[in-house]
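Some notes on the structure that comes next.
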Amino acid sequence: MMEGLIVFVLIGFAPFLFVGIINRVKAIWAGRRGAPLLQSLYDFVKLMRKGQVVSGTTSFVFRIGPTVYLGGVLLAALLTPVPGAGAVMGFAGDFLLFAYVLGLGKFFLILSAMDTGSSFEGMGASREATFSTIVEPAFFILIGSLVLLTGHLSFEGIFQTLNAISGYTVLVSSLSVLCLFLMLLTEGARVPVDDPNTHLELTMIHEVMVLDTSGPDLAFIQYASALKMVVVATLMAHLLVPPDLPAWASTGLYLALLAATAGAVGAVESLIARLRMSHVPQFIFLMTALAWTVFASVLFFSQGDF
Amino acid sequence: MTDLLIVFIGTSMLYVFAASRIEAYIKTLSLQGLLFFLLVLADIDELNDVNFFFLLFETLVIKALVIPYFLLRVIRKNEIGREVEPYLSQFYSLLIASMVFIAGFGMAFWSLEIAAGIKPLYFGVSISLIVSSLLLIVIRKRIITHILIYMLLENGIFLLSLSVANEMPVMVNVGILLDLFVGIYLLVIFFNKIHAMFDGSHIDVLTELRD
Amino acid sequence: MTLVLAGLGLVFSGGALAALAKGNAGRLISTITTLASFLLLLPPIYSVLTGGETRQMVLQWSEPAGMVRFVIDPLAAFFMFIIALGGWLSAFYSMDYMRAYREDAQGLSAYYFFLHLLIASMLVLVIVQNAFVFLVAWELMSLASFFLVSFENGKEEVRKAGLYYLVAMQAGAAFLIAAFAFMSFKAGSMDFARFSEVFHQDAGLSLWMFLLFFVGFGAKAGFFPLHTWLPLAHPAAPSPVSAILSGVMIKTGIYGLLRILLLMGPPEKGLAMMVFLVSLVSGLFGVMNAIAQRDIKKLLAYSSIENIGIIGMGIGLGMLGQAYGQPGLTVLGFSGALLHVFNHFTFKSVLFYGAGVVYARVHTRNIEDLGGLIRFMPWTATLFLIASLAISGLPALNGFVGEFALYYGMATGLLSASPGVILLSLVGIAGLAFIGVMAVLCFTNVFGVSFLGVNRRPFAHAPGEASGWMLLPMGLLSVLIVLIGLYPPITFPFLQQVVGSLAGEAAPALRTELGVLYAPVVRAIGLFALILLGLFLLRSWMLRNKRIAVFKTWDCGYQAPGSRFQYTASSFAAPFLSLTRAVLPVTRRLLRPQGLFPEDASFESRPRDLADVVLFSPLLGLLRKFFGLFTWIQSGKTQRYILYGLVFLLLVIIWIVGGG
Amino acid sequence: MNTALLLVPVLSALVLLPVRRKVLTRVLLIGNAAFYLLYALVPVLGRPWPAPFFLLNGYFSLDDIGFYFLLILSLVFAASALYSLTYFKEHGLDSRQESIYGAAMLLFLAAMTGAILSAHLALLWVFVEATTLTSAVLIYFERKKTSLEATWKYIYICSVGIALAFVGIIVLSVGSKALGSLFFADLYTYAPQINPFWLKIAFAFILVGFGTKIGIAPMHAWLPDAHSEAPSPVSALLSGTLLNTALLALVRIYEIMTRAGLSSFARFLLLLTGFLSILVSAAFMLRLVNYKRMLAYSSIENMGIILLGIGAGGGGIFAALLHSAAHSLSKASLFLTSGNILHLHHSKEIKDVRGLLKTDPRTGWVWLISVLAISGFPPFPAFMSKFLLIKAFFEAGLSGYVVPLFLLLVIILAGMGGAAFDMAFGQPPVPSGPPVKQAALRYLPQAALLLVLLLVGVHLPAKVLDLLQQAALFLR
């Protein structure tokens, strides 16, 4: 019961806070005071209250797209275990469903972008689709190697046993964390992959896909993207939280890590410039490379005798 | 005596190589026929009478008289004079022919050694006849010449069969002769038509059909 | 068994009748007979699949066939179901689709005759247990499908495609004939039962035989690099035929492999790995090429290669399980493969039917010329969307169900002891994930470009919605897609026997195992449905009595946007293709704009098939060169002709004298 | 009765030549065909076929293999004779031409029958040569320049070849001097006593000689010309029966070799020539412009296949015999149909013929089905024979040959199929009106042949199977 409550609170607020922290860090870095932490929550509420302007060319796909997108992310969130609280649903092979519901959401996001018949949104959709073709395999390689390492087929099992195994796994965990961080930047459409507050459509990826979305739909999408980041960040945090802490401690540590991640994102955003579009694939490919490294080290570890 | 005849037959072949007038070939043909006749008369004894007389008839009448006369009429009708320049020049072909002829004698001696119950000289010469006529077929260009050479080939084979002296049943001989005769007849007919239809009776006019 | 015979007879005679009938009668007859035979076949199929005793019939036929056994075991029944259903649906779909060709009465007669012949021969070939009859059925199947592919034989390219198809099929069949001939020689009988004895006697034999069979059946199924006929044949054929080719016929290759496995027993480790890797490559290659295509049916053909690859991965996984003695792998692998066989049949048929509707209404297969069709044919679009989601393996639809089993199998493979399996499993997982996302890219592209946005070229006439004749098959299959997707366990009772027969001792646990495996998935999917429902309610509640203004698309301040401004399929795929250029040869023709006021500038790119570019075209070129060497033979010169014989004679004599 | 086989055609020809009446020609042609058909079919349809008989103190005999080829001969001849009637009408021949044609056909038939029946080696030779002479007249029948050229090449090359075969026979008699007889019966019984060296030489000569008639590479070069230039019904006979007859002659000699224990030597030569033939036809199949020549090359290929079967031995012989029937009937049907096509399009060029199915559906379908039949698709027997051939290869340990063989066969299918389908499918060159419908006799013979093939292919009747096995027993 308690766990469930925690999870729901998290899902409810963490995204807004996460984005808030990122923006605050950026602001401070830039010497500004910045918007209130929960600014994005206010935006969310405002957008939910608004009506809509829809393009005449669109069909029902455009209308259901954002909702399905959010739904996918929500289910993914429910599948993600929270340190100390666990997952609402966890089962052998849950990471498959996790990845695939995110994929489903992406599918509809892309379609609703194309539904407007705008060249910009088509461009964004194409980029989104292309980049995810690199992210997805890397994620599976990563989880696969963790499965190999821990011998468990569910997030929960993996994270329960992971840190318990030996100090050696610190290497694996840290590599994985780095890997997931790249995933976070890519999936969350942050610098250096994408710049959420650019003003030139031609350089956008995620933002340009939602040019025609407005009202609740836009709220859904923004919230979903934020939640997605939180979910990935949760996985990262889970790799670092030792399993044998008492629940409250691990949850607390987890929240701290979450904040830290947000801060890191903000820092990256303030320090690094956005990459040239043609260089983005290489950057994302780093993730694949890291994942393979993880696998190699794990394989070596599990087959230690040769 | 018989050996002399056979050598004559062989040399007549050389003459064909040397000569280039068609009529000369035909004369050679009938000469060979005559020689065969004498050969049969002089040498072949272990045949039964029917076959014997049949052979005499075949050599004298068909080979020496009828066919040569027939062919002579043809070339007279189509006024064909001489063989055109062959693929292989007279000189070299003669050279090769004589080699073949000598090789034939070699065959004869060899067959003497293996003693396969064949008449050595007949065998050797007939082989040389066959080979040299095949050679002629390949190098000569006139269609009529091909007919004549076909006859020479048949003569060679005839001599070969004599060398074995393994008697064929009469009806088989009749059949063979019939085939030969009809063959020549048809060849000539078609030759006439070719002569009428195509310009010139040169074998290379017949290269329409190819892939 | 009598039912089965009746069904077979009905299909065949139905074809003959339909061919003889005049006007619309033929189409009706075909629809009815195929449906009737499907219904006739259902009871035996059902009983066998759910554990009833296998039906058998023995027939004494003339030499060289000898004793012919017709056996309906679970494997046969499974494929029979697909064949019969697919056959009926295609016939039904043809009711309306083929009306467009009714001037060509003769062509239609041939069409129906061969359609039924195709169905009948496929049915025979899955139940027959006799090598010779199997080959006969196999060849008849190729022949019938050849005639169907070259239905529109007035067109040059269709004839070329048809010939290419026939020749490719014969080349494949050659391997089968060789293999079966050798087996029948070894076994001294044409009966499969004897074959399996021979297989079990020596393993080295079964290794080579399996390679032969793999090539033979692989050519039919369309494994890389033997797939080159698919992208030619499918676009050439009428859509119902493409559907049956892609949904059903290429599966006979899979059937053949499984049948051989069944006869051979546990395979060599190397073979298992080979099958797995070849399939993986096929999957990747197929979907990559699919992304590059503009012709919607060519695209679907390549995606068939991809799905055959996925199925093959399942088979390879099962074989790995057998080879390494890991029942878990075996069960999951074969279940995944079979599930995907059926699922691919469902959504690929829907997609081809949809493409058929588009072609029938807009008369083009080039998606660049389409767009905005969803407003003209909402039902077709929706069903097409469902199938696209399913084929991308996305959850809550049946595509995910099969792939989940595969993923899970490979994940368990990670836990195995041998490094080989571990490595393969991880490569497999990564590969399957890659295939999955590429499929997403591919099908968002094809659906988005052709059905969403606005039409890029003006349509000759406003395209209407598909008729009921066309919608019903699509709808029926879509229901299956959703049903299986939402509640996978309904398939298990039918899967149990088949997988059991393949997996051997691992069978009994199977059903419960799958049940345990999928129960939480079902729950999660249920939860997902609830979430979506909630969100939709929330959204509509929020939007209640709010103003929804309809305006033009955001044009970034540009005042005169035209429909040609939309992102094209090529540009959508471009960023991805630029990454995979190495394996996707493309011929580009660019006419640069010249001068201040360029007259005309154009750019066109045509994707080419790697296997064709690096393998088959060069081979054919070599062959032509080689045969070019023979042209001098037929020079027309009499003397030469004689010379050949003489030279040959001379050589032989020399050989003899030399003591040969 | 059996004597009649030879005498009837000869006599009717001799009657026909002086008495030049159209009616008589047709009556005699059909009559002979019917007589042969009856003679050959009655035993197959029930009564046991006549015991091997001898006539003219043993110069002629009819054994099982002979009977089998006689069966094929009578079937094809019947078809071709029937078709000839429409051929007469199509070309508006006068009574003289018709009677010449008829007489030549009948003599040709007699010559082939003689070759099949001969029990004596030299006699066999006589008849094989006779087939050349009689058929030459028919090949030239259309009196075109090209046909004249083809005829000349045919008659001259074959005569020279046959002459070589005779040399072979003499050499053989040298080897079997002690035996002093050229009756096959004696040759078989005393084969082991024949001097192997001479026997080999003899076989070489005879292979080249009769091989020229069979049309196997490298002695095949005349065949495409002759078969493509002859009138279609004659082409059917040449391809469907003459090749077989020469083949039977070779088979009879080959049997001597096997009995003399020289089979490995002979088999090598057969396999070699067989492969060469298939290779050559494959090489030209891809670049042909003339569909009758295409059919001719396919004949070369099929003869090659048959030789391979015989060379493989064992089950291969059965396969070879079956294939010879399959080839004869389907090839005859193809050549007859090519007559229809020629009549429709007045061109032998593949590129001029399109859309047969539209211009004349019956012709189109017959053409298509015959092509499928000869390309070895089930349910036609050629498929059976190919399968058995491959099996025989494995039995004989010739597995290495299987791959190249299949490669070549596929190439040939590509070439022939490509051409044939282009002709049958597609749009007619000239937009034609309603489909043409030619005289029934221009479809029926082919249909009948295909029907026979179909029956044999779907379910090999016990009687035919028995006959085939008996015939195959001839070569152990």
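Per-chain numbering from 1; labels A, B, C and D assigned in written order.
Methods note: a contact is a pair of C-beta atoms (placed from the backbone, for glycine too) under 8 Å apart; a residue touches a chain by one contact, two chains touch by 3 or more.
What you see is a predicted model; the values in this text were computed from it and never measured.
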| item | value |
| --- | --- |
| Contact-graph separation of subunit A and subunit D, given in steps at minimum | 2 |
| Most distant chain from subunit A, judged by the mean position of its C-alpha atoms | B |
| Of B-D and A-C, whichever chain pair has more C-beta contact pairs | A-C |
| Separation of subunit B from subunit D, taking each centre as the mean of its C-alpha atoms, in whole Å | 32 |
| Intercentroid distance (Cα basis), subunit B paired with subunit A, Å | 100 |
| Length of the line joining the C-alpha centres of subunit A and subunit C, rounded to whole Å | 36 |
| Distance between chain centroids, defined by C-alpha means - subunit C, subunit D (Å) | 43 |
| Shared-contact residues (touching 2 or more other chains) in subunit C | 631, 634, 638, 642 |
| Per-residue overlap in subunit A, given as positions that touch at least 2 other chains | none |
| Per-residue multi-chain contacts in subunit D, two or more chains | 152-153, 156, 160, 224, 284, 287 |
| Pairs of chains, among all present, that meet the touch criterion | A-C, B-C, B-D, C-D |
| Complex interface listing, subunit A residues touching subunit C | 48-57, 59, 61, 64, 67-68, 70-72, 74-75, 78-79, 89, 91-94, 96-97, 99-101, 103-104, 106-107, 110-111, 114-123, 125-127, 129-130, 132-133, 136-137, 139-141, 144-145, 147-148, 151, 153, 201, 211-212, 215-217, 220, 281, 295, 299, 302-303 |
| Interface residues, subunit B side, partner subunit C - complex | 87, 134, 137-139, 146, 203-204, 206-211 |
| Residues of subunit B defined as touching subunit D within the complex | 116-118, 130, 134, 137, 143, 146, 150, 153-154, 157, 160-161, 164, 166, 168-169, 171-172, 175-176, 178-179, 182-183, 186-187, 190, 193-194, 197-198, 206, 208-209, 211 |
| Residue numbers on subunit D that touch subunit B, as the complex places them | 56, 59, 120, 122-123, 125-127, 129-130, 132-133, 136-137, 140, 145-146, 148-153, 155-156, 159-160, 163, 166-167, 170, 173-175, 177, 180, 182, 195, 198, 224-225, 228-229, 284, 287-288, 293 |
| Subunit C - residues contacting subunit D, complex | 61-64, 106, 132, 135-136, 139-140, 143, 150, 153-154, 156, 159, 162-163, 166-167, 170-171, 174, 177-178, 180-182, 184-185, 623-624, 627, 630-631, 633-634, 638, 640-642, 644-645, 647-649, 652-653, 656, 660 |
